[in-house]
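These are the structures in question, set out in turn.
Below, subunit A partners subunit B and then partners subunit C, in two separate complexes.
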Partner chain A sequence: MQQALDALGGFSAVLVVLMQFGLLRSRAIHGHAALYAFESLFVAAFSALAGITSGNFELYVLAAVTVVAKVFVVPALIMRFTRDLDEHAEVEIPLAVGVPSSLLAALALTGLAYAAALRLPLHGPLLPHTSFALGLAVVLIGFFFMVTRLNTISQLVGILTLENGIFLGTVAIAPGLPLLVGLLILFDVLMAVLVFGVLVRLLAVRRATVTTTPLKELKG
Partner chain B sequence: MIYVLAALVTIPLVLGLVSYLSPLPRLSQVLTVAGAVTTLALAASLVGTGGGRVSAFGGLLYADPLSVVLLLAVALVYATSAVFSIGYLRSEENTAGFPRYARNFYALLNLFAFTMLLVPATDDMGVIWVAIELTTIVSALMVALEGTAASLEAAWKYVLIASSGLALALLAVVLLYASGTNTLGEGYDPNWTVLLSAAPKLQPDTVRLAFLLAVVGFGTKAGLVPMHTWLPDAHSEGPTPVSALLSGALLADAMYAIFRFYGITGHAVGFGFPKTVLFVFGVASLVLSGFFVLIQRDFKRLFAYSSIEHMGVLAVGAAFATPLALYGVALHVITHAATKSMAFFGAGSILKKLGTRETAKTRGIIHLIPATAVLFLAAGMAIGGLPPFGIFRSEFLILAGGFSEPGVLLVPAVLLLALVNLGFLGLFRYANRMALGEPPEGAKPGEASRWMVAAMALDLVFVLGLGLWVPDALSAVLRGAASVIVGGL
Partner chain C sequence: MTLPPVVLQILQVLTLLVFSPLVSGVISRVEAMLQARRGPSVLQPYYDIWKYFHKGRSVPEGVSPVFTLAPYVAFACYMTVAMLIPVLTSFGLPLGYMGDILGGAFVLSLAAFAVALAGLDSGSPYAGLGSSRAMMVSVLAEPTLIFVFFTVALISKTDLPYVMGETLRSSWGAVFSPTHVLSVAAFFLMILVDTGRIPIESHSSTLEFGMIDEARIFEHSGPEMALLKWGSAMKQFLLYTIFLNILVFPWGLSHDGSPSSVLVALLALLAKMMVVAAVVVAIESSFSKLRLFKIPEFMGAGFILSVLAIVTFYLGGR
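Let's turn to the complex of A and B:
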């Protein structure tokens, strides 16, 4: 039983990273939103599996709230922001680094995450603790994604995936983190999405674009 | 004491909601000023009780002397900003979108104050992180309030960079928690006091990594170089009361979070490592901001760079870690809050009067707005660290603390001395040029607003007062705070 849970847990953690790789290929906003929704779903699954292993009820609650907030509400909000700017939504997002090079870079970052995480003598009580390395990989790829995608919505999705990666890592090495803190963090995510949404819309109205290239007036 | 603390946090939250619902801008204005001044009085009363340690709801609500120092600094800037805002908004009263603007402005101002007061009022490291992330969200909206293209760009950079940094800070909190599961068990409350008493048994490598991530993450919010890039934009493009709150209160809140990690890390792995980290980031901030101050043409940006410099002073002071230097650090949090908000208020008044933020176009304000000009000049001198102002005292104590242990600390202390003076030269040169000289043609004499002058005068009480005399009660709190920074329970 435990072995099966371990395997399933490892499997969902890997799926999370795969979604993150998928984001690097995605060049449309609806693709971003869908991949983010699936990524969050696998993070929730990981949390639920950890809940079964440990019998810790709080992890189920976190999984359930994650599904509601990050699989449904946040992607719906993202699609809503773009509906108001529909003339831009279907335009291909400009990339600073092309897809093949991005995927190679992401592979290297995943290797780096493994090398770094496995040096830490952290042994989570549940599920394979390599999941922490995978969480770290998601964070690093998320940063890379934000830097190389020149679009406000992509950058918002990038920020959100950072939180997914950290959540995965948290369940792997510190599943006992109190529920209250977990819920407050999710509340923060929702608030941040709303504020980002306001700014995306204002920028789009002001600049008639969602690309970030014109944002270079302020310097020095 | 616990009721006072609860009231301190609740008042701005309630006011934020009331301001959002209130149909009359005037009502929000009056309530905000009353609430903010009450908050300041409550914070001062906490100083009066000597700054012991209180805790309630399992540490969700908590205060020790270091918290009290931060609460006082934040409440001071909150109160003066509320007073200043009356004058600041008055000139816009007849524009079309004013009721909506004022409603958003006051709702956000109070909520911003709430989130900033929450940071030092809890023992839970997770809640500290959540509160700091909330400050980002609320204040980004405030930066965007002006609605200009530049302010939107600034707000976007700010929320994006700060949130990325805070993601690393969250990782730091998680790692710190994980480092304690060996001794404290799988599920425990991540309270600072709990972690500190267990510090010697925490997993050392994990704690080191957590500290580094915390400095980079919260340091992004504090404007430490090289994570400072959002700061000059956000501070210069937002409305002036927001600049004051960001600079005087928010940056200190972020440094506070770093100090909480500092004490735990020092007790877990020894102070050598965390000292080095703070020292490197602190000196980098001093060097870079010193040069940027020298070349600024926009005086709001100039004060923004000066804030980076002062966060560098705090970081270096904490790295000195002698009792005297730490006392200076605690005092510097308060003196910087008062002085920098005063300087921004002065800048905002000049902006309202002359319609420019460029130093070159600002001349002879002493003939146009004498009261503001004198106060502004005083703020400029105080920021530069001249006696008899408060910053002179706090910087002097930090330096003296650095020199008091000769040998290893001598080099950093000399470096600090030189760099602080570099920034000072830049600042003072500009303040002088702006104040004296011929006023621009066609400008009519007369203060922009009495309320704006009043806010600066209120700040001056602290700016000058703390330079001349530190009351015994405050001194006791500062001593307590100094020991808390290095993890004294």
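Let's turn to the complex of A and C:
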């Protein structure tokens, strides 16, 4: 039983990373939103499984809040941004790095995350190395995604996945973290969505586009 | 009473020969029903094969014997693979150890090679196009398949298909381990590729430009066409069997070789096939065919799954 639970926990952590890979392939906003929702769902599953293993009630609460906030509310908000901007939203998101090279880079980043995580003297009660390493991989790929996708909404999704990665890593090495901290991180997500919402509006109104390329221009 | 191993060995090959067209028939029938059509009978592939066997053959001018021999070579290859893998029994049969999982893969690629060669030999532009496309696709699929085999070998510490099934039966932890699930997913994508299913090729299309595997056999006719059609159903059956009885669900196989347990194993295999067929139908009905130049992206996805499987195995909990 314990063995199967451990394996399922590791499996949901791997699914989170796979969604992150999927994000690199997706070239439309609604694809981003769906993948983010699924990624959050698997993070919640990981948290709930950690709850079963460690018998920590707070992890169930965190899982439930994650499902409500990140599987339903945030993706819905993202979709609303795009609906408002319909006439401005680009059909295909411009990429600084093509899909195949992005995927290879992400593979390399995953390897790097594993190599780094194995050298850290961390031992959690739950599959210590794999899950923490996968959380780290999600963070690295999220950064890569933000750097190479020239669209504010993609970058918003990127920063949200960073939070998913951090949450995964935290639950893996410190499943007993206080509920308040977890909720604060979640609150951060909502703030990020709001701030980015303002940025998206601003760009759309001033520049009639949601790509970030015009931000490079000097103002004077 | 137990059946002698030789009889079991023959039964494995017979299972493949007799039931492989049925699986194809069920897939196309269910697919038609999902599209609100009545669809062909599930026995249609048998009727087709019967019809082709009774037709005369015509051979393009100036072809070499390769063209005529290829269907027989391919057919023999598929029958050989059925001896290497656990179709009905969970214990190794006398000839089961003459090749490992890599050996089986080599025999399967020999079959693909023979058919592709015949397509090129025919001199028809469409058959040649099909052959060269099929080769391109299989080159892209190869790395993933090799990584999946490595993963299997790493998990079970051997490359014998019978032992892999045993490893899975022995522990639930092995069944749900990330390494195993990832390599299963990668192998499933490669099955879709190798059986010519939707993201790569539409199976029943008659449009030459979208064809890959089907185009290779354009110039064949009569009994050879029957063998090729039968062979492609057999290839599908073999890949599903490898997928089910080695990688995913190695339960329900006969442990002692008694007639009743073999019958149960046969029924269980067919039931499991129907589940895979349902998944394939769901995929065929909900996705569209990829553009030819998007195929490498699909293969890349499979490759990433298999590489992640290996990385997870070496660097994490298995």
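Throughout what follows, the second predicted complex is superposed on the first by the 211 of 220 C-alpha atoms of A that agree within 3 Å, B and C clash if a C-alpha of one lies under 4 Å from a C-alpha of the other, contacts with A are read in each partner's own complex, and residues count from 1 in each chain.
To be clear about the criterion, contacts are C-beta pairs under 8 Å (C-beta built on N, C-alpha and C of every residue); 3 or more make two chains touch, one makes a residue touch a chain.
This is a predicted model, so every value here is computed, not measured.
Model built by superposing both complexes on subunit A: subunit B and subunit C fit together without a clash. Using the contact criterion defined above for the overlaid structures, shared-chain residue A:181 touches subunit B, although it does not reach subunit C. Of the two partner chains placed by the overlay, only subunit C lies in contact with A:25; subunit B stays clear of it.
In the overlay built on the shared chain, the residue A:83 is in contact with neither subunit B nor subunit C. In the superposed model, A:110 lies in contact with subunit C only, and not with subunit B. Of the two partner chains placed by superposition, only subunit C is touched by A:118; subunit B is not.
One of subunit B and subunit C touches more residues of subunit A, and that partner is B.
Aligning the two complexes via chain A yields an angle of 160° at the C-alpha centre of subunit A, spanning the centres of subunit B and subunit C, rounded to a multiple of 10.
Touch criterion met: A:11 reaches subunit C, while subunit B stays clear of it. With the two structures overlaid on their shared chain A, subunit B and subunit C come no closer than 19 Å at the level of C-alpha atoms.
No residue of subunit A touches both subunit B in one complex and subunit C in the other.
Only residues 124, 126-127, 129-130, 133-134, 136-137, 140-141, 144, 147, 149-150, 152-157, 159-160, 163-164, 167, 170-171, 174-175, 177-179, 181, 185-190, 203, 205-206, 209, 232-233, 237, 292, 295, 301 of subunit B touch subunit A when the two sit together in their complex. Those residues of subunit A whose C-beta lies close enough to touch subunit C in the complex are 3-4, 6-8, 10-11, 13-14, 17-18, 21, 25, 99-100, 103, 106-107, 110-111, 114-115, 118, 127, 129-130, 133. Subunit C meets subunit A in the complex at residues 171-178, 181-182, 296-297, 300-301, 304-305, 307-308, 311-312, 315-317. For subunit A in complex with subunit B, the residues that touch the partner chain are 54, 56, 119-122, 124-125, 139, 143, 146, 152, 155, 159, 162-163, 166, 169-170, 173-178, 180-181, 184-185, 187-188, 191-192, 195-196, 198-199, 202-203, 206-207, 212, 215, 217-218, 220.
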